[in-house]
Amino acid sequence: MAGGDAPRSVDLGFAVVDVDRERRQGLAEVVYAPGKTPAQIGAIVTTLLAAHDGPVLVSRIEGDAATEVARALPGATHHADARLLAWRPRVADETAIRVTVVAAGTSDRPVAREAAAVSGVLGHAVTEIHDVGVAGIHRLLDRVPRLQQADVVVVVAGMEGALASAVAGLVEVPVVAVPTSTGYGAAFEGVTALLAMLSSCSAGVTVVNIDSGFTAALAAHRLTRAIRRRRPSG
Amino acid sequence: MAGGDAPRSVDLGFAVVDVDRERRQGLAEVVYAPGKTPAQIGAIVTTLLAAHDGPVLVSRIEGDAATEVARALPGATHHADARLLAWRPRVADETAIRVTVVAAGTSDRPVAREAAAVSGVLGHAVTEIHDVGVAGIHRLLDRVPRLQQADVVVVVAGMEGALASAVAGLVEVPVVAVPTSTGYGAAFEGVTALLAMLSSCSAGVTVVNIDSGFTAALAAHRLTRAIRRRRPSG
Amino acid sequence: MAGGDAPRSVDLGFAVVDVDRERRQGLAEVVYAPGKTPAQIGAIVTTLLAAHDGPVLVSRIEGDAATEVARALPGATHHADARLLAWRPRVADETAIRVTVVAAGTSDRPVAREAAAVSGVLGHAVTEIHDVGVAGIHRLLDRVPRLQQADVVVVVAGMEGALASAVAGLVEVPVVAVPTSTGYGAAFEGVTALLAMLSSCSAGVTVVNIDSGFTAALAAHRLTRAIRRRRPSG
Amino acid sequence: MAGGDAPRSVDLGFAVVDVDRERRQGLAEVVYAPGKTPAQIGAIVTTLLAAHDGPVLVSRIEGDAATEVARALPGATHHADARLLAWRPRVADETAIRVTVVAAGTSDRPVAREAAAVSGVLGHAVTEIHDVGVAGIHRLLDRVPRLQQADVVVVVAGMEGALASAVAGLVEVPVVAVPTSTGYGAAFEGVTALLAMLSSCSAGVTVVNIDSGFTAALAAHRLTRAIRRRRPSG
Amino acid sequence: MAGGDAPRSVDLGFAVVDVDRERRQGLAEVVYAPGKTPAQIGAIVTTLLAAHDGPVLVSRIEGDAATEVARALPGATHHADARLLAWRPRVADETAIRVTVVAAGTSDRPVAREAAAVSGVLGHAVTEIHDVGVAGIHRLLDRVPRLQQADVVVVVAGMEGALASAVAGLVEVPVVAVPTSTGYGAAFEGVTALLAMLSSCSAGVTVVNIDSGFTAALAAHRLTRAIRRRRPSG
Amino acid sequence: MAGGDAPRSVDLGFAVVDVDRERRQGLAEVVYAPGKTPAQIGAIVTTLLAAHDGPVLVSRIEGDAATEVARALPGATHHADARLLAWRPRVADETAIRVTVVAAGTSDRPVAREAAAVSGVLGHAVTEIHDVGVAGIHRLLDRVPRLQQADVVVVVAGMEGALASAVAGLVEVPVVAVPTSTGYGAAFEGVTALLAMLSSCSAGVTVVNIDSGFTAALAAHRLTRAIRRRRPSG
Amino acid sequence: MAGGDAPRSVDLGFAVVDVDRERRQGLAEVVYAPGKTPAQIGAIVTTLLAAHDGPVLVSRIEGDAATEVARALPGATHHADARLLAWRPRVADETAIRVTVVAAGTSDRPVAREAAAVSGVLGHAVTEIHDVGVAGIHRLLDRVPRLQQADVVVVVAGMEGALASAVAGLVEVPVVAVPTSTGYGAAFEGVTALLAMLSSCSAGVTVVNIDSGFTAALAAHRLTRAIRRRRPSG
Amino acid sequence: MAGGDAPRSVDLGFAVVDVDRERRQGLAEVVYAPGKTPAQIGAIVTTLLAAHDGPVLVSRIEGDAATEVARALPGATHHADARLLAWRPRVADETAIRVTVVAAGTSDRPVAREAAAVSGVLGHAVTEIHDVGVAGIHRLLDRVPRLQQADVVVVVAGMEGALASAVAGLVEVPVVAVPTSTGYGAAFEGVTALLAMLSSCSAGVTVVNIDSGFTAALAAHRLTRAIRRRRPSG
């Protein structure tokens, strides 16, 4: 646990771990797995677990590495489809913020799953709605009541990314759009969906990097920090 | 009128006019005004009027040039908002093909007007629906019955261009999408809408160049050629 | 078969199948295989076959997956070179529209085959013309009579995509241009052909996504819906 | 005031006004001025004022047009540096959320002003911090206490856009990054800042379109809708 | 006249004039006018006229500057439509090589004129063919005999640039393709034509910069140097 | 051998072979191997050998395919480093045109070898100069006398492609520049060299597609056609 | 003069002036004029002059604004061709670092002048060499002795930017390359030169933003700080 | 050792080795391994060792090739993580310049290691600081004293590359920024970091190619040549 006099970073040689982040931002540094060995990941997680009280996460970790790290550091939950490893997950209670993740097609599912799994581990009440692209707009319209119960909506879509505009026109709460690399040719690995979401005709949509369900979940988490601060009992 | 032995082109020095096109394609060469003087436009139009029976069009012609050409060559109709000059327009009758032009926002109106005016001059029955972008999807849904009467739908949209996908999911007939340069920043002068329309999740959408209401109208005209050929009396 | 009171979508958990599309658009939702397991594809196809009367298609399916799905769901036709799996194909009769697919080079053949196979399964009368690029323009000119019998022409070309402009100058019916990723360097994986086709000097050409023979076939199919509506008995 | 039986849109011919948006989203449709005449703007504003109870805004309106519209429709407040015209602005009270707008340089000021002015009109408590780019990082660090009082932070920066990452590392609440077209050459009219913000190493940053202070303000406003819903008295 | 001991460059302070180029390359340095004052242009031309025997050229010079320079330095020929000023032009004789310039549309004319005028001043026998784009391919085919008399063909085309491939398939001699900035939207100011020409399916086409009729003429001129060397009396 | 009444193309089903090209252009169609099976290549080569008198070439053919084709069709020469297969190569005699291929670095060697091997097979007298990039400009300057004996120079360079400008400043004959995909990062797979060569400050440089030693050789060949036509005995 | 207890920044409302920079970096913040009024520039300069001992600079200031600011704040030197305004310039003495600015063409002169003028004001011994592009490489080679006397070389070039590679191969000291927006078409407003310089085959070249003679001068200045620190008497 | 009459290059057939570079630039040509066989590398290194007195380096050499070359040519030091092979490394003494390499994240480590290893082999005193990205700015601020001891700072960062601006605001000496290909989506393989660094708001930052730790080290080395020249005993 980081107290007032605790060091703000721990130098492991190959990494300088920011052990002050939970205090500043309510969540420990999340370990991004690509380019790190299981041993390096393990050392960073150990440092983070010792220095914080809340959840510790490893994102974008592939199966074999996840197994190796989880075996070395007991207590991990592995969300394989979200490529996520988590220790000390929070549990949603009746005061939890409601995060709804909406995905346009079945190919967008892995990114949507990452957004949902990270949000769940952080203690939010998550709802997932899959495969409601605008080619059959009635699929989305049939789910408007469920959408309107959300405190925050994460929209995940590739190709032309039109779902973000359609959803943002139907809800009043924050909409975080995640473009995905689904599609081919002129979809340009997600760039088209990214630009389309940034150019949305629906006002107030914000956008994160291509395929980054993780960033959307963290953006939603930041929103929950603001919501909780403003509650009478927050 | 071009007969069997008529020359296929007329060399005016600064231009070689294709006077065989009405025979091949059912419509005379359309004169693209930018870069030509009123005198050059007049000479080409005169040649085309002499060599054909049907409509003769000048596209993208600005006000002053249009006035000058129209004065020199009587019989012209000037559609100022569509930047179009036409001689010998056809009139839609009860067998006319129904072309519906749908535009996302008021800024897309000039491009939509060009598509509509050219279609009208070519003898099609044109319906225009404006300002039905997906940010308020009910505006589009309220007009589905009108949409479904069309034989061909031209969708005009800038920004993220999502309207094309939404419309194509609601009708069974050909959808020609026209991206517009409406918007700023990540809209990239219409490139984002262009790429989004090419990546549409609604199957069978075709796309034309940015701001080219003219090309969409000509594409619709080609469709009418096919429709008429297949009629018992066509 | 979908009746008036039938549900408009079926939720399979991993997918929400739009079972209303045949009613709206005359063709069931086409299953895009990439990113789906054979079991998922099988479940969706089963749902579609139960809810519709007409053809059911799976596009872009690779050999092994195709074999596995076809074995589980009898009645499938497999067009390997077009990566297409189809159930209940229609048969072209004397009222069928004529779809002509023209390809510039032998490398463009797979894309052309997809356009042709999908069109065939949907009941159209398909003609294929291969390897008539503009480097030897006489190859195209020798085939003009065949071209002019078409109701719609699909032009498939990579590299500089010049064939679309040349063909569109020779026929009066709709020309749907499909850029392919053939070529190297400045061909930019089909982007150059895409942009060239969008900038065609031949009026009324429409364009679909890179390598998407499928979209071109669906665009041609939309035309048939318009033709049939306008027939006395349509 | 829009009641249960009120129409959802009003067709003015040149525009279809969505008069249902305040009910759905807590704010009337905002009028985007470019491409509209003062008369058209006036007609839309009149329609919106009649159909809603809350604020009505016109964004990106230039001086002369603003003067003309304001004269015709009394009660307008004109924020010239933010190119904003507003009727019936809300006033921030003690329950207002705190929106802090941080700008990197003096050239980013107009965009920051738009974000601040729109937020102010919508009734939020706005703080502005200008000219704290990372080239002199102490300028930012000296203002951390002020930053940490915010409920949401809007970061406005051009050139390399590094300020967004630095700020997001210092606060726990939502950070909405607005890239600006400040800079030259490799800044590519704001594209570099846009891409840099999307690639931020600070987790949970969301991004809006280039120069769109307006979108950032609306994104902040969506957050307030979520906060209010979760209040006991919300 | 530059002899063996002559200096290879003359330093004018604002410019270092390469007075050795006629000896090395058979043609004096051509003065590129943009960014230079008439006085600077005059000083450079004076230096070049003194140091060489053959033609001296100023390219891309606008009307007023051309008039001023021509008045100060008698003997100039001004080709206004080609933005060219020339002293001591050569005259084509019976041994002159035949340069044929072919342009796709009337908008490509200024670039074609530059190629033709520069070639003419350098003493080549120039033929111009205008407005023979592939939308009406018969216009080109009717001119094949004239094309086949050329020693080198310069093809000038914008939009999709297809004319270069078509011409190169019809002649055996060098084809230098000049993309032009004609067109809009997806033509991207000549980039699409440039990439299309580089990706030509016709073998052996070479390409120069957008709108650079000048470079094409110089490339043709280099060919004449090779031809003359190989003549018995060359 | 193609006579006056010979067919101009032979339809093999999967390919339409242009057997008229030797007559039109002095060289049979060159077979581009990628995407064709050895059997298809063999059938096309057989057709070409039967219909022409001169060399027949297959370009970009990989080792195994080359071995298989060469075994089936005796008489082939295989230039493995140039990925070229040739039948009936011409032999350079004392009237042969001199083609000099200059390469900037050792990584550019394969592309330079393709240009040289194709030129050699077509009967030209080829000289190769390797590894003379501008980082050590004396290496190039030491070879100026050899360079100046060339009738045509092909310059092959990746990275920043500066060698083309340097060489073109030293010779008076045609310079064909070939950008290569050598380099990394900002070299963008050859795009930077391509753009740099197109923007060369040395007048009259022409450019071909990235890595296309083949196109450069064919461009050089076209030059030789022009040179020979103009010889007294040509 | 800023002492130990001096404030590190001064808040002028519209700007937060970093008055600590001379202490940290040996040079006061340079005022970038675009987007600031003459009054704002004057206020910032006044603040900087009061807080520092050394030179104060305003960059990219146009003529009228420069005149107005210089009149209000006496002591300014105006370098009009470099768009630079300076107070308290340093004078080069015998220990001054030698900065040589080399420009490829006369169009690159304004950028080269900015680099030279800023370097001069900062007290360095500046040499300028103009118009020595690689099209006539002897112009550069004739100046090698002068080049080799430099401590730092700034190379300014547009179009293909080849001069940077050539110079860097001839000197052992730091080379800072400045791409310029000189050229047209494929020069892409300086992007081609930028990418070419980043891809230089000459080792150790560093690059700054397009047209930024200012940045190059500041980079050279940083180099002089390092050189002076390491002198025995430094 | 290269004396006055020594040849300036050695032609190995496949390569022309510049053996004059140590004399001109104080360091032998560095061998770039990609695309060369171990035997070719060995031959070039042998040539370089014979012709020079100082260090000889091979960059970007993979493990197996390094082992093979090192075995054939004794005396090599292999820096595996930097992909570097070196003979006759220099040793830093008390006059050595201080090169500090700062990296933003653990994924940037290999590029940082290349910069550090090359600098070390060239005899500089190297300090490495890893994992101090701006998301936790205190990690950087804690190391300012170490940073300020450097003579030159190499900043290595991917994603948004913000570290370069932050560091350059804290030191007065040269800052060479190396963008890395770390990140995904909108990071565009390092392009975003590259553009961001070029657009830095901190004055005087210079930039090298993506992932090129090598170029940064050579740029630092050039600085040492300038420093040594200016020393009394230099």
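For this structure, a couple of remarks:
When the chains are written out, they are named A, B, C, D, E, F, G and H in that same order, and each has its own residue count from 1.
By definition in this document, contacts are C-beta pairs under 8 Å (C-beta built on N, C-alpha and C of every residue); 3 or more make two chains touch, one makes a residue touch a chain.
This structure is a prediction, so every number in the text was calculated from the model and none was measured.
Touch-path distance (fewest steps) from chain D to chain E is 2. Placing every chain at the mean of its C-alpha atoms, the farthest one from chain F is found to be D. Centres computed as Cα averages put chain G at a distance of 25 Å from chain H. If each chain is reduced to the centroid of its CA atoms, chain E and chain H end up 45 Å from each other.
Taking each chain's centre as the mean of its C-alpha atoms, chain B lies 53 Å from chain G.
Looking at chain F, residues 135-136, 169-170, 185-187, 194, 198-199, 203, 209 sit in touch with two or more other chains.
Interfaces, counted as pairs of touching chains, are A-B, A-C, A-D, A-H, B-C, B-D, B-E, C-E, C-F, D-G, D-H, E-F, E-G, F-G, F-H, G-H.
By the touch criterion given at the top, residues 24-27, 30, 97, 151-152, 169-176, 194, 198-199, 203-209, 214-215, 218-219, 221-223, 225-227, 229-232 of chain B touch chain C in their complex. Listing the residues of chain G that touch chain F in their complex gives 104-105, 133-137, 141, 159-162, 164-166, 168-170, 183, 185-188, 191-203. Residues of chain E touching chain G in their complex: 8-9, 13-18, 20-21, 29, 32, 34-36, 40, 179, 181, 190, 194, 209-212.
Those residues of chain A lying in contact with chain C across their complex are 106-107, 109, 130-132, 135-136, 138-139, 142, 182, 184-187.
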